[in-house]
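A, B, C, D, E, F, G, H, I, J, K and L are the chain letters, set down in written order, and residue numbers restart from 1 in every chain.
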Amino acid sequence: MTRVLVLNGPNLGTLGHRQPEIYGSKTLDEINEWLGRVADSWGWELSPFQSNHEGGLVDFLEQHGPVCNGVLINPGALTHYGLSLRDALAALTVPVVEVHLSNIHAREEFRRRSVTAEVARGVVTGFGWQSYLLGLEALRGLIGGS
Amino acid sequence: MTRVLVLNGPNLGTLGHRQPEIYGSKTLDEINEWLGRVADSWGWELSPFQSNHEGGLVDFLEQHGPVCNGVLINPGALTHYGLSLRDALAALTVPVVEVHLSNIHAREEFRRRSVTAEVARGVVTGFGWQSYLLGLEALRGLIGGS
Amino acid sequence: MTRVLVLNGPNLGTLGHRQPEIYGSKTLDEINEWLGRVADSWGWELSPFQSNHEGGLVDFLEQHGPVCNGVLINPGALTHYGLSLRDALAALTVPVVEVHLSNIHAREEFRRRSVTAEVARGVVTGFGWQSYLLGLEALRGLIGGS
Amino acid sequence: MTRVLVLNGPNLGTLGHRQPEIYGSKTLDEINEWLGRVADSWGWELSPFQSNHEGGLVDFLEQHGPVCNGVLINPGALTHYGLSLRDALAALTVPVVEVHLSNIHAREEFRRRSVTAEVARGVVTGFGWQSYLLGLEALRGLIGGS
Amino acid sequence: MTRVLVLNGPNLGTLGHRQPEIYGSKTLDEINEWLGRVADSWGWELSPFQSNHEGGLVDFLEQHGPVCNGVLINPGALTHYGLSLRDALAALTVPVVEVHLSNIHAREEFRRRSVTAEVARGVVTGFGWQSYLLGLEALRGLIGGS
Amino acid sequence: MTRVLVLNGPNLGTLGHRQPEIYGSKTLDEINEWLGRVADSWGWELSPFQSNHEGGLVDFLEQHGPVCNGVLINPGALTHYGLSLRDALAALTVPVVEVHLSNIHAREEFRRRSVTAEVARGVVTGFGWQSYLLGLEALRGLIGGS
Amino acid sequence: MTRVLVLNGPNLGTLGHRQPEIYGSKTLDEINEWLGRVADSWGWELSPFQSNHEGGLVDFLEQHGPVCNGVLINPGALTHYGLSLRDALAALTVPVVEVHLSNIHAREEFRRRSVTAEVARGVVTGFGWQSYLLGLEALRGLIGGS
Amino acid sequence: MTRVLVLNGPNLGTLGHRQPEIYGSKTLDEINEWLGRVADSWGWELSPFQSNHEGGLVDFLEQHGPVCNGVLINPGALTHYGLSLRDALAALTVPVVEVHLSNIHAREEFRRRSVTAEVARGVVTGFGWQSYLLGLEALRGLIGGS
Amino acid sequence: MTRVLVLNGPNLGTLGHRQPEIYGSKTLDEINEWLGRVADSWGWELSPFQSNHEGGLVDFLEQHGPVCNGVLINPGALTHYGLSLRDALAALTVPVVEVHLSNIHAREEFRRRSVTAEVARGVVTGFGWQSYLLGLEALRGLIGGS
Amino acid sequence: MTRVLVLNGPNLGTLGHRQPEIYGSKTLDEINEWLGRVADSWGWELSPFQSNHEGGLVDFLEQHGPVCNGVLINPGALTHYGLSLRDALAALTVPVVEVHLSNIHAREEFRRRSVTAEVARGVVTGFGWQSYLLGLEALRGLIGGS
Amino acid sequence: MTRVLVLNGPNLGTLGHRQPEIYGSKTLDEINEWLGRVADSWGWELSPFQSNHEGGLVDFLEQHGPVCNGVLINPGALTHYGLSLRDALAALTVPVVEVHLSNIHAREEFRRRSVTAEVARGVVTGFGWQSYLLGLEALRGLIGGS
Amino acid sequence: MTRVLVLNGPNLGTLGHRQPEIYGSKTLDEINEWLGRVADSWGWELSPFQSNHEGGLVDFLEQHGPVCNGVLINPGALTHYGLSLRDALAALTVPVVEVHLSNIHAREEFRRRSVTAEVARGVVTGFGWQSYLLGLEALRGLIGGS
């Protein structure tokens, strides 16, 4: 069975409440539920995980990375400086897809550089919670599905 | 009826032949055909256009931009310096989605900056020809479909 | 008889329609007409030309540059990267005046550098369509009129 | 009655004498006289002021800024570092037009950045003493005249 | 008796009138009065001085610096380029506290660097006119009071 | 009742012991106690929290941020790269005041940029443990107290 | 039979007339004729092409690139920013030789960087029209001739 | 008895499995065992600790730093941005030796700057797991052994 | 008779008192007296002038520059940003010699760039008050003496 | 008789042995022999010289530069930092041609800047040992031959 | 028999005398003697060489590099700009280990970049003369010993 | 007896012949002779030395530095990159004075940075061969004379 990790970095646990004019009004639970339904229909299993700790994300990848088929990740602000997370992603042999709610190319200068995207297969950015759905579909193209 | 412009910039007319190890083996016609089938199923009409001339893309946007519902664009190398194309995209009131075949975050330094993405709604990068499909779906989320 | 080329670069053909809060509501035809009336009163002849193609502007300068007395140009976004246009202007022996509708010193960082202004005699920037009128008067000071 | 401040920064008191090959042979008095005649014909009153002291210019703007209709200014070398002058100009509610005798885009690198132009409405640069005349006309377009 | 210089740089004489949405509606006189009352209660004497001239501030420091116990200063825009003022402050042996009305870390890029703060003991920034009060208290902590 | 979070970032738990020539000899407990006494006198409640984990600070803000009236924070070294903490602070609707023991403008180059100060209301830096007291008073000015 | 494309970019159609003190007095026709005579003597066929349009050069390479044995190119000012042309050259499997009339290392700063030379086999720069002859000989070394 | 902390940062818990072509095939347990045998022969005690959390490393240093004689540390990716770890190391009075498996001078640009090495006594980089042994010997030179 | 202006910029009026470990213990009056004796012995007349105002120095140069034979100047901190002073010096036709008490190449980074030295004939830096004597001799070499 | 210096800088004495995949398999003696035969056929005399010492190359140029008709030089790595060699070449009045075996535009970033090319007449780069032959021919065009 | 070159660059011949507070009090002869004893015990032969000439080091490497088993080098200040030495080291097929007496990461900014380390296998920096011993051991790990 | 080393770097052996419009027409022998006469009159002994080899200058300083009372040096182009020479100068305990014939602040950008001046006591630049005389006098001020 295809198993995919769905990781969310710092501050994404408050989605729906935090600055909805930028990040939208859907909560992370709602997004995960939605992704789960889509995954179900493909016969995939999703393992969602959120942490405000870079180390927590690395711990999780260390444990689950070797027994999954792909990773969907929104690293939050770690996108721009989380080199430890980057190294953890680079160590995986399965495809990684990075997603962002807002268009990182059109915000503050510091958000334009993604240190994690350099080790991902591809990036989807700017489509709100739909970025996750598109990212999941992208993963299906990379992994192959049922 | 929803009408979407599908623009491709310099060198994308030789897709499938040019450096397939980077850009894949599908031709642009095949991609457009595939996109067309998906669009058909939504009752959408696509207007594909490719040009090696930045001015050609601007001409096209000037003429068709005011009478379309969205733009899907792979600007090719213009991504990194085509400020005239950028201004033409910025002048549109419909949503623009930028796509790239390869992951621009993981190639040469100069490919990491996109001057056009700053005026797009979102970007899909790194999934080969599937970036187009994902981009089209992203547009559907932004425009709403029939 | 004094003959002056009035060149406009990419996206300026849609003046009056494109982002009027930045660029004003006068169309390029209206501006050219107005300039024409002023030129008439001086016994001057204007040759207006607009192209979204950098190459088109260079072609035009190549053909008409040697048989004119001055150039009034709004290079649009080429201002910031059009080195071919710059070289074409630098090759002229008649005075070149550069104009901009908006104040390029007060917008995005990348708009503050003009590669074409380095080879122009002077620049008028920020006064909307009046920049053209002031630029034409500036040319009269440089050329001398009837 | 429309009243306009005509400010000149450091070293501009020696116009006509200082490096005439760059700055021309007209003195500042002659320029002010010429501007005055034009203003007269519009029913405008000009208040010319020159100082080699940045603080002197700020003092003058503080006193006269609230009771004028516009400002025409050549900040001299303060253009490139006079942030106090910039703040004084930014505090005005009337339009500010910046002028330069020489083409600041075509001289030393450090002259290409104008910290004052960022808070002006527009800039005229490169036409010798005619820059002042063009700037005054530009002000008329912004203020509206009798 | 403890004597403290209260210096204000360019444009701060118009406080209350200049851009009140950024700098607040209290005038400098009102602030000085308020500070004076607080100082009185401590048995301190304040010597307020404002100048739009960097040289004026240096003159004042040269004369009064050797006979005071501390300096409270808002250098205005000189904060970012006033190296002469910096040197004058660095020459003092009494503590210097720098204050700013607005949060200089959250405005234009050029306002983030303070050349004067490098030679101050500390900085209070962003609390409107209260920055002065807090700065005065900070000075009391550094000097010790009656 | 007014409730204020008092946050301290990495290495601040060893205050009083770590490099006292830079950071002073007061422990964090002593500072918190002092702040508590002042808060008491205003009828305020303080919730002190220290963590060496950026994620721990974000967790705390996520939980307590929505039910407090203001935040006093010394982010320690996270000041210069903690973008996740920055985003957590930016998501708050209550005022944030940043404090530093030493003058960050007068130390190593990398300490001069504060990524968190960009989303704070103001900053107090350089007055040792008194920076906290001044910061608390600044908060009172922003929140209003009993 | 060996067939070589001889491409010239923007402004090179006016060679001999444009700034002869920099670019020499030979016209492009004269150079092409000379190159043709040399090529003839080797039994080679040359296909000269000049365009002021970057897109025109890309079009030509797209059509003729797959059926030639080598490319000799002077990209003109596109040398410094023509990333679309660069990508078109990079897609070729035959050797590319870049030539310049003037020594690009000894002119303005911006002319020192060649984005096209990065994908060429070698560069000849600074010998006037003889750069072309030397470049053609270089190509013979790379291709092998009759 | 001499006690030395042996710290390993993010992702080093998977040594031997992660990208062995870069980091070698020895696990961290094997390295620690080896180091332990060497330390034993000197009569030293080692306290190994690994964490993917920067905060975890700081916690550990806070607790054990005051009661050890030296620190051997491979900060992993924190090397390049972990300023909190840097401050924790800087606060120690015992010697710190930094080691790296791969040669950080010969990899990606961002790996060339070590913010932690600035506060270490010395660095050993590039010798695979032997870097640890060499680092331990270096510590012996700095501490002196039994 | 040869007349030389001896100019001193901001903070140099306090020489001898200000940071004597950097700037020495001789007062400016003592230096000027010493210079005067040397000048006397050559039959030269010196016109010393000190101001903390950049504008004051420009005023003085404007008035006395045209009737002197050379300028000896220590611009103080204006050395690094005083572009108005630079322009005033550049306008002179007599030789200018710049002197510094301390070695500007060996202090803070910002002191290494001299915007005024670019328009001087030569510079003497680092020899305390003797820099003035050497500078005066240098002027004699450039002017020729009696 | 025409005499040309053929200079080779550091490491070029091991040509043919050093990294032949980059620099080719011809030895320097073989290249010099080949060049000699060509020169002979023109009635030219070549003076080949190789040194690993920048000073050795400067010594040689000092002695032989005044009595030669041209210089062909491959400065090796000195190309990028040998400012003394640059000054020695700049002092010559005969033409200098710089050659490189590999394409310096397509290697490490630091190899793209040539400090010597700025004072040469032209450069041939990227054609292996043929770069020398082409460079010699280029010299013939500049000097004129028998 | 294993033969290792022990190279020392400029100024290292005066070790023990030059700035002992930075570089220690052991002379180079003493260090070489110590290294020799260690090497003897392994049955290795060391060839020590010191030169103040970059060319001298390149000469030595050219002659002895092909007949040795490894290189231990302290390039002195050439570390930061000696690109010729770098190329000579890069041409070797045996392992190179770079050592430094002082910690180059903790001194002046320019000492942090090592152009030679990029082509070495590893680096030992900061342990005084013990850096040599550690480097020699590191070589043994890379070469294998008797 | 006071003994001073007079060092001249690369290309200075050809003074009087090389580019006299920049460097003057006096030969180095003539300068040394002149300096010698002045030194004689003070009872000083000069040891002149010129080398085109950085290593040669370092060798000389190593041998003679410990037995002299001061150094007068014109490092030629080594000024801008000769870090080995810099370290050799930094190791001296006697005063070093750096001189330049031309004004290094007013030439190419790369000549404005002096890596050697950072370790000299002072610099005299721009007065032709008189820079040497002034430098020698400066040394007398630093050393004290007979």
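Criterion: contacts are C-beta pairs under 8 Å (C-beta built on N, C-alpha and C of every residue); 3 or more make two chains touch, one makes a residue touch a chain.
Bear in mind the structure is a predicted one, so any value in this text is a computation, not a measurement.
Participant: Chain by chain, through touching neighbours only, how many steps does the shortest route from subunit A to subunit D take?
Facilitator: Tracing touching chains, the least step count from subunit A to subunit D comes to 3.
Participant: Test of understanding: which option in A-H, D-E or A-B shares over half of the contact pairs of G-J, residue numbers taken as the match?
Facilitator: A-B
Participant: Would you mind pulling out the distance in Å between where the CA atoms of subunit A average out and where those of subunit G do?
Facilitator: A distance of 47 Å separates the two centres.
Participant: For subunit J and subunit L, let me know how many angstrom lie between their CA-based centres, rounded off.
Facilitator: That pair's centroid distance is 31 Å.
Participant: Express in whole angstrom the distance between the two chain centres, defined as the mean CA positions of subunit B and subunit K.
Facilitator: Once rounded, the distance between the two centres reads 55 Å.
Participant: Which residue numbers or ranges of subunit D touch two or more of the other chains?
Facilitator: 53-56, 81
Participant: Looking at the whole structure, which two-chain pairs count as touching?
Facilitator: A-B, A-F, A-H, B-C, B-G, C-D, C-G, D-E, D-I, E-F, E-I, F-H, G-J, H-K, I-L, J-K, J-L, K-L
Participant: Sort out for me which residues of subunit B touch subunit C in the complex.
Facilitator: Within the complex, subunit B contacts subunit C at residues 53-56, 58-59, 62, 66, 81, 83-84, 86-88, 90-91, 115.
Participant: Could you pull out which subunit J residues touch subunit K in their complex?
Facilitator: 9-11, 13-14, 17-19, 51-56, 76-78, 80-81, 110
Participant: Within their complex, state which residues of subunit B touch subunit A.
Facilitator: Answer in residue numbers: 103, 105-106, 112-114, 117-128, 130-131, 134, 137-138, 141-142.
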